[in-house]
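Sending over a structure as structure tokens; questions will come in a sec.
Residue numbering begins at 1 within each chain, and the chains themselves are lettered A, B, C and D in the order written.
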Amino acid sequence: MRDARLEQPDEADPAPQSGEDLAVRFAHVRAATERLCAPLSPEDASAQSMADASPAKWHLAHTSWFFETFLLEQHEPGFAPFHPAFRVLFNSYYKGVGDQYSRPQRGLLTRPSLAEVLAYRRSVDERMQRWLAKTPPQPLAELVVLGLHHEQQHQELLLTDVKHLFGCNPLLPAYRECRESAAAEVAALGFASFPAGTQRIGHAGGGFAFDNELPRHRVFLESFELATRLVTNAEYLAFMQDGGYARPELWLADGWATAERERWRAPLYWQACDDRWQVLTLGGVRALRPDEPVCHVSFYEADAFARWNGARLPTEAEWELAAGSAPCTGNFVDDDLLHPAPAPRIGADAPAQLFGDAWEWTASAYLPYPGYQPAAGAVGEYNGKFMSNQMVLRGGSCASPRDHLRASYRNFFYPQTRWQFSGIRLARG
Amino acid sequence: MRDARLEQPDEADPAPQSGEDLAVRFAHVRAATERLCAPLSPEDASAQSMADASPAKWHLAHTSWFFETFLLEQHEPGFAPFHPAFRVLFNSYYKGVGDQYSRPQRGLLTRPSLAEVLAYRRSVDERMQRWLAKTPPQPLAELVVLGLHHEQQHQELLLTDVKHLFGCNPLLPAYRECRESAAAEVAALGFASFPAGTQRIGHAGGGFAFDNELPRHRVFLESFELATRLVTNAEYLAFMQDGGYARPELWLADGWATAERERWRAPLYWQACDDRWQVLTLGGVRALRPDEPVCHVSFYEADAFARWNGARLPTEAEWELAAGSAPCTGNFVDDDLLHPAPAPRIGADAPAQLFGDAWEWTASAYLPYPGYQPAAGAVGEYNGKFMSNQMVLRGGSCASPRDHLRASYRNFFYPQTRWQFSGIRLARG
Amino acid sequence: MRDARLEQPDEADPAPQSGEDLAVRFAHVRAATERLCAPLSPEDASAQSMADASPAKWHLAHTSWFFETFLLEQHEPGFAPFHPAFRVLFNSYYKGVGDQYSRPQRGLLTRPSLAEVLAYRRSVDERMQRWLAKTPPQPLAELVVLGLHHEQQHQELLLTDVKHLFGCNPLLPAYRECRESAAAEVAALGFASFPAGTQRIGHAGGGFAFDNELPRHRVFLESFELATRLVTNAEYLAFMQDGGYARPELWLADGWATAERERWRAPLYWQACDDRWQVLTLGGVRALRPDEPVCHVSFYEADAFARWNGARLPTEAEWELAAGSAPCTGNFVDDDLLHPAPAPRIGADAPAQLFGDAWEWTASAYLPYPGYQPAAGAVGEYNGKFMSNQMVLRGGSCASPRDHLRASYRNFFYPQTRWQFSGIRLARG
Amino acid sequence: MRDARLEQPDEADPAPQSGEDLAVRFAHVRAATERLCAPLSPEDASAQSMADASPAKWHLAHTSWFFETFLLEQHEPGFAPFHPAFRVLFNSYYKGVGDQYSRPQRGLLTRPSLAEVLAYRRSVDERMQRWLAKTPPQPLAELVVLGLHHEQQHQELLLTDVKHLFGCNPLLPAYRECRESAAAEVAALGFASFPAGTQRIGHAGGGFAFDNELPRHRVFLESFELATRLVTNAEYLAFMQDGGYARPELWLADGWATAERERWRAPLYWQACDDRWQVLTLGGVRALRPDEPVCHVSFYEADAFARWNGARLPTEAEWELAAGSAPCTGNFVDDDLLHPAPAPRIGADAPAQLFGDAWEWTASAYLPYPGYQPAAGAVGEYNGKFMSNQMVLRGGSCASPRDHLRASYRNFFYPQTRWQFSGIRLARG
């Protein structure tokens, strides 16, 4: 049984110490977004495969809109917008800012062109760097950092949205060549034990956190066990072969109805080819590997798998307790696999693979922490207004930037969501 | 600041001590259901106003189906079904039992007639009474009690479904004459304080509870305040007059989208008549009374009202902590008003109106308690499979039977639900 | 080759000669409607199985509304409405009269009760008879006759709507006992030939006709052949066994899309039972009879069958030319079978079964005749505003009153309609 | 009163006399398609604004697919497909050829890129030219001509689809600069008279015609009058100002329901700007010109306007009779306005503007002519299977190639269609 942390602050992501640091970080994050678009043609960058996804071009523009609207418009001397229509066109959902262009029609914005959007980025970058050079006061620096984390979130969405777009194309194009992880013999699934007690969760310490990670607060956790790694494709296949998609007693009622309506028979991006399964990856179509973590499952599938297994999904507090003492290392976008990799063989009784590879569905609904206060102004719409009907995911994925994650990070999606890199970790007790 | 209970068991609803008690109780609950149908014509009892509602006749039959399927079919010597088709026709959602007739088409079942359904009830009643006379062993007696609580839930649904049906009819018929509560001067809204600490919630003691109230377990609650009564129509009108339905910053994103799509401008059953508001009640159309609790609001509206007020909704644990030491008294179906009544003027710092009047939306998603286990067999589908996408409501309403409620009782509906007697209690901290 | 008529007026349905005749006819038609409701319980009479159908109670009320609104309200001295709300409640689609109650919600009108609606009918009947006793002038007498034909149309709809309602009920109740037609050996399908030439179609002569049958006008018809009887179940089964529902090349594009979406595999009301087909009739479930005309097929199915057969559907002008010289006799509601009967064996080269049994889909879209003028006032909405997207059917069915039909009668439904008694006659050339 | 033609063959579009002529024509038509795409960016060419429209890139590919599938695959020695997946990807609706890629998802085909599709075109062009050099036998030459007319149809669709796409973009981009027609004083609306009689319609003579224009056959037309020009914006504005969109008595029932649901208040592409109307054209946003023909109206709007005017729409036979003796001249795509132009002032009693400017909605449903036979094989799906639920339009538009049109040409769209260049000509009698 492992010692659980209490009051141990997150150390990750210290806030930049100076305007200069901030400028460097700004340049770094902004460049990363554009690098992700390099393999895309103008057409690839402009299409939208479903209402939940956005064109890469829109991600490029919206992340710039964030800085132009929330910082330059308020604080740049002699501010003039790059294009007056962009204020509406690239507003995602900030009603405090004003109108928004219809979300499901983002793929129709063939103008501005990709080149114009890149020019928009350059303009915002130059104006931001000029402005950062004068070392903005702390609250504004924090807003810049928020904008950079916002951009990192969109970097991950950009990848999952491109993957979905290519998955709709019978040619099944690859996003680009991707190195594959080495085949591995995955250790048998173990469980680490945690004793009952009052714990603290939520962000602590001086680094950046979203408002939804605050305030740090006490929770009582009954004793529980947490699986030592993610569920693998091999294990998920066993569930399928045992009739997992045909046995309503394993499913939540809403999940069963969704699976029936959508005719789910396997995770998203799996396709049967002769007698074998293939998966679509950002690196192209590959044979399904039994050693890799299962991915692109909905909360409903994760929950049904857990029930079939005699286990359950962990709550977010359980997960955070276990992750609080773990280093934030793993298979991130920085590793360039763009696909989950087999669990490393580490200590048998410690949960591994907590960060990276695949977001882990928790059993927790996305709700405000006790005493939660959204940020003031339109930016307060960032997180708080989505606190209904969604489930929390933890730990980041192979498409997340490493320096974007931390133990207290709360991601959230609707339970039917499958196009994110979402996987399964089991819990018991 | 009030003392909160810890480890104080529920005393309500002691289990019947003998088969004879059970037979008496069976007769009592079954008769109550039929009394509720007395004001209905065969047509009234057969129609279905929306997929979420059911015809009164269907409620009459389905509650009998429960006893026939889960008890008689298993345990009656020489069992023969009343009608072989009823097993499918009146199965609500128990996939473990087999097929179900299409839910949104229940209003098309003009056959069996109301008279035939009443004959079905008589047959089930007689066979159950014969069987109960031999004093069934404890686990089966508990199943009978479950069936009776199931029937009481359907009694409330029967009333809310009839109200919805009549609300769709431009003639706005009354269900029957109903006595009105006396006009009252409602005390100003106060808040009772509760200190932080580890508490226990969930059902304790020997009486009946649904599986979703178990196991009793510890939670840590930060200090909080709970409003001393329900929100009134007068207070809700102030929200409306302050633009409550037109200010997106007050709403959850899903709530705003729902309110826009459904064109919500007031609670369900409110209708503007010249310059005044009227409300449809089971007793007919009445002028809106400022002193009555607001009712027939969705979770989204309750949440938006709370945000406008600078408060929030309580969690279910907070509510249960406060209610645990309160007597289960209030305005129930037994009081025959069939409409919420003004709060009584009691001690200024103690939460009143916790039971009856209107179900209270909580800020808690309907999720399993730590260690939750659904009952074995098809009856295990009763509660557990609905543990996603719904919100918990507490306390019962003017349409609930008094002996059906208790402090640990968890009701649950989707956040957009408005046709139940659902109201608002505020919390802070 | 048969001689085709030219300028031969319809003789059917002479207008009543006096107020007394009219009063007798009024009483006769009104009583017939109520006789059709005799087998129905209040619940049966109140339910609505789909938006296209109406409850029997609604038919009873709406046909009374027609007389109250278009005659009594205008011409009865000291007119007072039976119930002020009925003007809206039982207005079908006459925007010139004012608002209408929502069509898909007619099944929610459990009030007024069936008894109240019958009282409404009695009131309208008495007031109409008092008014008819004073011999209304000719234009008003014609409006009464229109109201009676309107009521006869609703008699047929009442039967088809009840059949559809019962078809949604797994108990498959019979409307009432119905005599079955004698088994018959049906003659091989022959074709009667008609030469090319200019013909006249549309209503001629002094009897009643709807405005859409006018004006009588000339059309040029190329030579053609018309089948001597309706297509039988046996013939339709051969189409099915030849893959009729699985071969897109036989279908119109819209028809194929509809059949796919609705998963049509056989006509409506056919159900496979072990290895045999059964059909739901108003007299209950019966084994499919090969000698009976196929019925309850959509235009799309009729068209696909014809294409498979190397034939086509007739135009309405071709049909009317052939029917103009035929007596208006056949299997009507008066014959009390309430189901199509095998074709009689008559002259091999003359089209038989033109009237009664099943409405015959034509290849003609429902469009205005050259010079068509709708009647003045709200009653002008009766036919004209539906002249788009629908197809013409001719000849009446086993659910039509005999004295309601004539050769120039144009019925019309959307091409996907299946719940009417609609069958197939082939043409060639 | 004008003499109507009888038996006067179409002279337009003589079939190419030799393989060489055909090769020249092939090159000409194919080049024209690509010229239309010149103003489009790869993004513009790849997006799809609604299920009815297709991306320009898809038009480029599908028109090539037609030649590759129906000619090269059958007749090219040593045929190998350019890309094996294209057979499915660019099949529009030919079930005889096999599967089709999902129509509403054509905008997701960011691959193949525009450049690859242009390479596909070059490959098809080269192989076709090689094959044409050997002078294919007559039936195959006719199939080539069909393919070229098919491509010309897609040229027009390409323009209307791009216009729709740009109309969804708040930036309202222009397709390219377009010359505007000169302002004109439009003559008062006159009517030309035609006597009753038997006429012939349908294609006659030796040139190309689609199968749906055949066979030429006789119709009887009662006397009628046909308006001398198209309805102007000024006239349509008068309808709007007279409450045209708010008076149900002017509308077909299906039209009214559509207009309500879609909230139509003006033709498509009209937008109110302060107190004036602007229209989106392919040349950008312009002030509404009263002298131009109204355009982008549905059949329902055309029909309502005609009823308001005391007139009606012509039948297709009436239109063809009038157009048969008129030269096929007018404002076509060749004139490069890409927008309807005011009617020329010609003889007061002769219908002008019959060809070009705007397709003219007729009162005729799109149905087969007597004796119609679709072409054999998959190419027989071209026209015949769409002969339900659509209305015929005649005369071509400012986006049609001049040498593509003729008097017997039948275009067809659903009555709610508005994104085509569709206008109104009145008829009477």
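The working rule: a contact is a pair of C-beta atoms (placed from the backbone, for glycine too) under 8 Å apart; a residue touches a chain by one contact, two chains touch by 3 or more.
Predicted, not measured: the structure shown is a model, and the values here were computed from it.
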Least step count from chain B to chain D, where 1 means the two chains touch: 2
Pair from A-B, A-D or C-D with over half of its contact pairs in common with B-C: A-D
Given over half shared residue numbers means same and under half means different, the chain C/chain D interface is same
Compute the distance, rounded to whole Å, between the mean C-alpha positions of chain A and chain D. 48
How big is the gap, in whole Å, between where the Cα atoms of chain A centre and where those of chain B centre? 38
How big is the gap, in whole Å, between where the Cα atoms of chain A centre and where those of chain C centre? 60
What residues in chain B touch two or more of the other chains? none
Chain pairs that touch, all of them, please. A-B, A-D, B-C, C-D
Help me check something: in the complex, which residues belonging to chain B touch chain A? 93, 95-96, 196, 198, 217-222, 224, 248-249, 251-256, 299-300, 303, 312, 363-365, 367-368, 370-371, 381, 385-389, 415, 429
Chain C residues touching chain B in their complex are 41-47, 49, 57, 85, 88-89, 101, 105, 107-114, 165-166, 168-171, 173
